[in-house]
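Pasting a structure here, questions to come.
By written order: A, B, C and D. Residues from 1 in each chain.
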C-alpha cells in the first residue's frame, strides 16, 4: 500500500493545481483526473519520475457533451495508474503521445476511428478496423446514435 | 455414374475459412485432423488452396469486412462444391447476431449444404456433420 | 535388348512387345504401382504420426489414391484469366508423361529395361531436370503470386541438388564401367554384390537428392502449404491437378526404381524369387525409407537448403567419386 | 498510388491462408525473399463486441465476454467478473478463487500445447504437431469433465464459480497431469535439440529487449526478450498470491526463446495446479450479487496465455454497463510483431507470426501501417481486393 501512497504524492506534486481528483479504490489501482492541456507536458516527468514505462491502453468514453480519454499506465507490471481528462465533443483534438510512447500508435488510431477524436502529429491516422465501406463521420462508440441505426448502416453494405 | 459418386464420397477435400469467429470452432476443426479423431481415415484432407477443395468449411459470423473475401473464395472453389456452416456463429451469428458489423449466419450469403451446431461443436460433431453431408444424395 | 527374334528393317512391333509396352512392365503396371506407392507413403506417414491414415476406401484404404484421382478428374477445370493458356494446359501433360518415359529404361520385370541403350542413365538425369523445368513453367504460367514464387523456388532448388544427384547416379556407372542402367544392374548381379555396400555414401547422397527432387518435407519448399498456399500447384484444379497428382506418384516410382536399379541390384531373380517380386520388395523398402525421412524432419528455408547442398552434399558426393577412382568402390 | 513495376512485389498473406487459423490480411512488400514492408489490414474479426456489451445486462455479458476468443475464453470471463466484483466490492469466497486459478492454469496448458503444435506445423514438422495435439486431448477431456465443454467452460459468474471440483475430479487431474508432464518435457527437449527445427527457429524474429519494452509487448513475447514481467506476479489476482511461482524469462529474443519460455511455463503451470489442488480451501462457491451495479469504474488485469489482458469497466448504477473496453494481449504484440517481420524471409513469416501466438479474434481493434520504404501509400478498396488471394 505504501507504494500507492508514494505514487499519489508524486502525481499531486507533478500536476499540483491541475489535478481535479485522485482516488485509490483498491490496492495497486490509482485513478487521477486532470485538466485537458496539462497531461502532455507532464508526460515526460510521469515516465521518468513515476517510472510509468508501460502504456496498457487508452480508453475513450462518450459522456454526452464531452469525450473522456483515460491513459492506463503500469509501473513495472504491478500498479495501474490511470490518468484521464475530458475534451469537448464538438472539437475533439488532442496532441499525440506517440513521440514519447511508441506503443500508443495503435490505441490512438482506435480512438480516432471509434470516437472521432483526432490526434495532431500522429504518423498515420488511416481507417483501421471498421470495414472499408463504413461511411465517414459515423463513430460507432458515440452514444448519439441508437444501436439499431448502427445496425442499419453496417448491414446496408 | 456410380464410380464418380463413389470417388466424390470417398475423397472430400476440405477448405477452412474463418469469417470472423472466435476460433473456438477452428481449433476443434483442426483437432479433428489429429490422431485422436483422424479424419484422414475418411479421405478428408485440409487443403491450402481454394482450387483444390470440394467442401468449404466456414466458421464464424460473417463480418462486413470479410464478406467480399468470402464470396471471392467461394467463387474460386471449383464445382461441384458444398458449403458447411460450422458452429453457432456460422449458423446464425450467435452472440454477435445484432452487432453493427456482423451479417450473422452464412446462409444469408451462400447456399449452405450442412449445418454443424454447437459452440464450438466437438470434433466428433464436425465429423458427423461431414459424414452426413457426404452421404447426402444430390 | 529388345528380344524380337531376327533383326527387322521395318521393325514393326510384335504383339508381345505391344503387350509388354502397354500392360505388363508398361503403363498399367506403372499406374498400379504409382497408386500403390502413394498408398504406402500415406499409410506409413500416418502410422508414424500415431494415426491410421486412409481406412475406409477399399480394404485398408487401398483405393484412396484411386478415389482422389477419379474425383479430381470429375471436378471443374478452372483456367485463370491472366494465365498463359497454352503452357498452363501443357505442363500437367508433360509432368505426367516424363516419369513414364523414364520408367521404360529402368529394369522392372526382367534384368533389362524395355528399352536399354548405352547412355540411358544420362537420359534419366535429363528427365529429372526436365521435370523441374516443367514445375517452373507450371508455376510461372499460373500467373498467381504464389505460383510464381513456388516456380522460382523450384528452379532455385534444382540448382542446388542437381549436381550431387548426378554424381550419386554416376558412381555405380563408373564402378560398372557402363552408362546403361540395365548394364549396371547386370554388373551387380554378375559380381554378386550391390553397389550400396561398395558405395554407401553415394547411396545416402542419392536419397537426399531424391528427397529434394520429389519435394518431400525437408525440401518441400516449392509447395510449402503454410507459407505460399500450395506453391506452384495453387492455380491448378480438376483434371490438371489429377495429372499433377499421378505425375508426382510416378515420380516416386521412378525415384525408387532408380535407387533399386543402381544401388540394390535392380530386378534380378534372387534364387527362387522372380525378378518382378525382388524389384517390388526393393522399391517398397526405398519408399518406406523416403517416407520415414519425410516424417522426421522440419522444412528448411530455401537459402539454408541451397547453402547446405553446396557446402555439405556436393563435397561428400565428390569425395565418393574420388574414392571410386582409387578403386575402393570397384 | 505508384503502380509502376516496383522492384518489390506485394505478397498478400490471408485473409484465407492455411498458416493463419483466423482471417488476417498482412500485405508484405517483398524485395526478392526479404520482407521490407508489412501492412496488416485487420478488422476481419471486428464484430463490434464493445458496443454489444453496452446493450446487455451484466449476467448476459459473461456469455459475450467468453466468446471474444476461443482459446483464452476463461481469461476473458475471469477478467470480466473481476472487474464487476471490483466495482461492487463483492468478496469472492476463497474456494472459488482457487477453482478459477486451477481452470486458468489448465487453459494455459491447453493453449500453450496448441501453440507448440501450430508452431511445429508452420515449419512443416507435422509429426510434432500431431503428437502435441494428441496429448492435448487429455487436457481438453479433463476440462470437459470439470466444466462440461471443451472450449467455452462458463465456469465464472459474478461473485464466484458455477461448478465445483470434486475429490475424484482432483485425483483425475493429478493423474492426467503426471502423464502430460512427461510428454511436455520430451517435446521441450525435441524443440531444443531437433536440428531442422533449430535451424528454422534460432535467430529468427529477433525482438531486442529495449524494443520490446518501448513497443509495449506483453506475455511470452516480452518474457522471451529477457523482461521479467507477469501479471500473476506483479498484480496477483484470484489465488495467485498464495501459489508460489517465479516468472520465467530468457535472453534469447528469438522465436526459439519464446518456445522455451512457453514450454517452461507449461511445466510450471502443472506444478501450480498440483499445489492449488493440495491447498484448496473448503467453502461455498459463490456469493449473492445484486443485478444493478453501483456507479464506479474498475481496471482488471489477467495474465492470459498470450500476455497481459486488460478490461476497463465503467458502470452507471443501472443493470447495463456504461462503457466496456477490452485490450487483448495480441494487440499489444502487433507493433513488436511488425518490427520483427521487417528484414525476415518470406518463409519465416508464418513462424514469426505464430511466435507471438496471435489471437486476432480477441485483438481485432487495430491496424498498424509500418512502411520503412520512403513513399507512403494508402490502399483504396479496389486495390486491396485485387491484391488479396486471387
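Basically, a residue touches a chain if its C-beta (ideal position, glycine included) is under 8 Å from a C-beta of that chain, and two chains touch if they have at least 3 such contacts.
It should be emphasised that the depicted structure is a prediction, and the values quoted were computed from it without experimental measurement.
J.: Going by C-alpha centres, which chain would you call the most central?
T.: D
J.: Averaging each chain's C-alpha atoms to get its centre, pick out the one most distant from chain C.
T.: Farthest from chain C by mean C-alpha position: A.
J.: Looking at chain pairs B-D and C-D, which one is connected by more C-beta pairs in contact?
T.: B-D
J.: State, to the nearest whole Å, the distance from the C-alpha centre of chain A to the C-alpha centre of chain D.
T.: 24
J.: With chain centres defined as C-alpha means, what is the inter-centre distance between chain C and chain D in Å?
T.: Measuring from centre to centre gives 44 Å for this pair.
J.: Suppose each chain is reduced to the average of its Cα coordinates; what separation in Å results between chain A and chain B?
T.: 41
J.: Can you list the chain D residues in contact with two or more other chains?
T.: 17-18, 43, 46, 48, 51, 55, 130-131, 134, 389
J.: Quick one: which residues in chain C touch 2 or more of the other chains?
T.: 49-51, 146, 225-226, 229
J.: Taking each residue of chain B in turn, which ones touch at least two of the other chains?
T.: If we look for residues of chain B contacting two or more partner chains, we find 34-35, 48, 63, 65, 98-102.
J.: Among line, ring, star, complete and other, which one matches the pattern of chain touches?
T.: Topology of touching chains reads as other, fitting no named class.
J.: If two chains touch, include that pair; go through all of them.
T.: A-B, A-D, B-C, B-D, C-D
J.: Quick check on the complex: what are the chain A residues that touch chain D?
T.: Going by the criterion above, the answer is residues 25-26, 28-29, 31, 53-57, 59, 61-62, 70, 72, 74, 76-80, 82, 101-103, 105-107, 109-110, 114, 124, 126, 128-133, 140-141, 147, 150, 154.
J.: Taking the complex as given, what residues does chain B use to touch chain C?
T.: 3-4, 6-8, 10-11, 34-35, 38, 40-43, 47-49, 51-52, 54, 76, 78-80
J.: How about chain B: which of its residues touch chain A in the complex?
T.: Going by the criterion above, the answer is residues 63-65, 67, 98-103.
J.: What residues on chain C touch chain B, complex-wise?
T.: 42, 46, 49-57, 61, 63-64, 66-71, 74-78, 146, 225-226, 229-230, 233-238, 241
J.: Okay, in this complex, where on chain D does chain B touch?
T.: 15-18, 21-23, 43-49, 51-52, 55, 63-64, 67-71, 73, 114, 117, 129-131, 133-134, 137, 140, 150-152, 359-361, 385, 388-389
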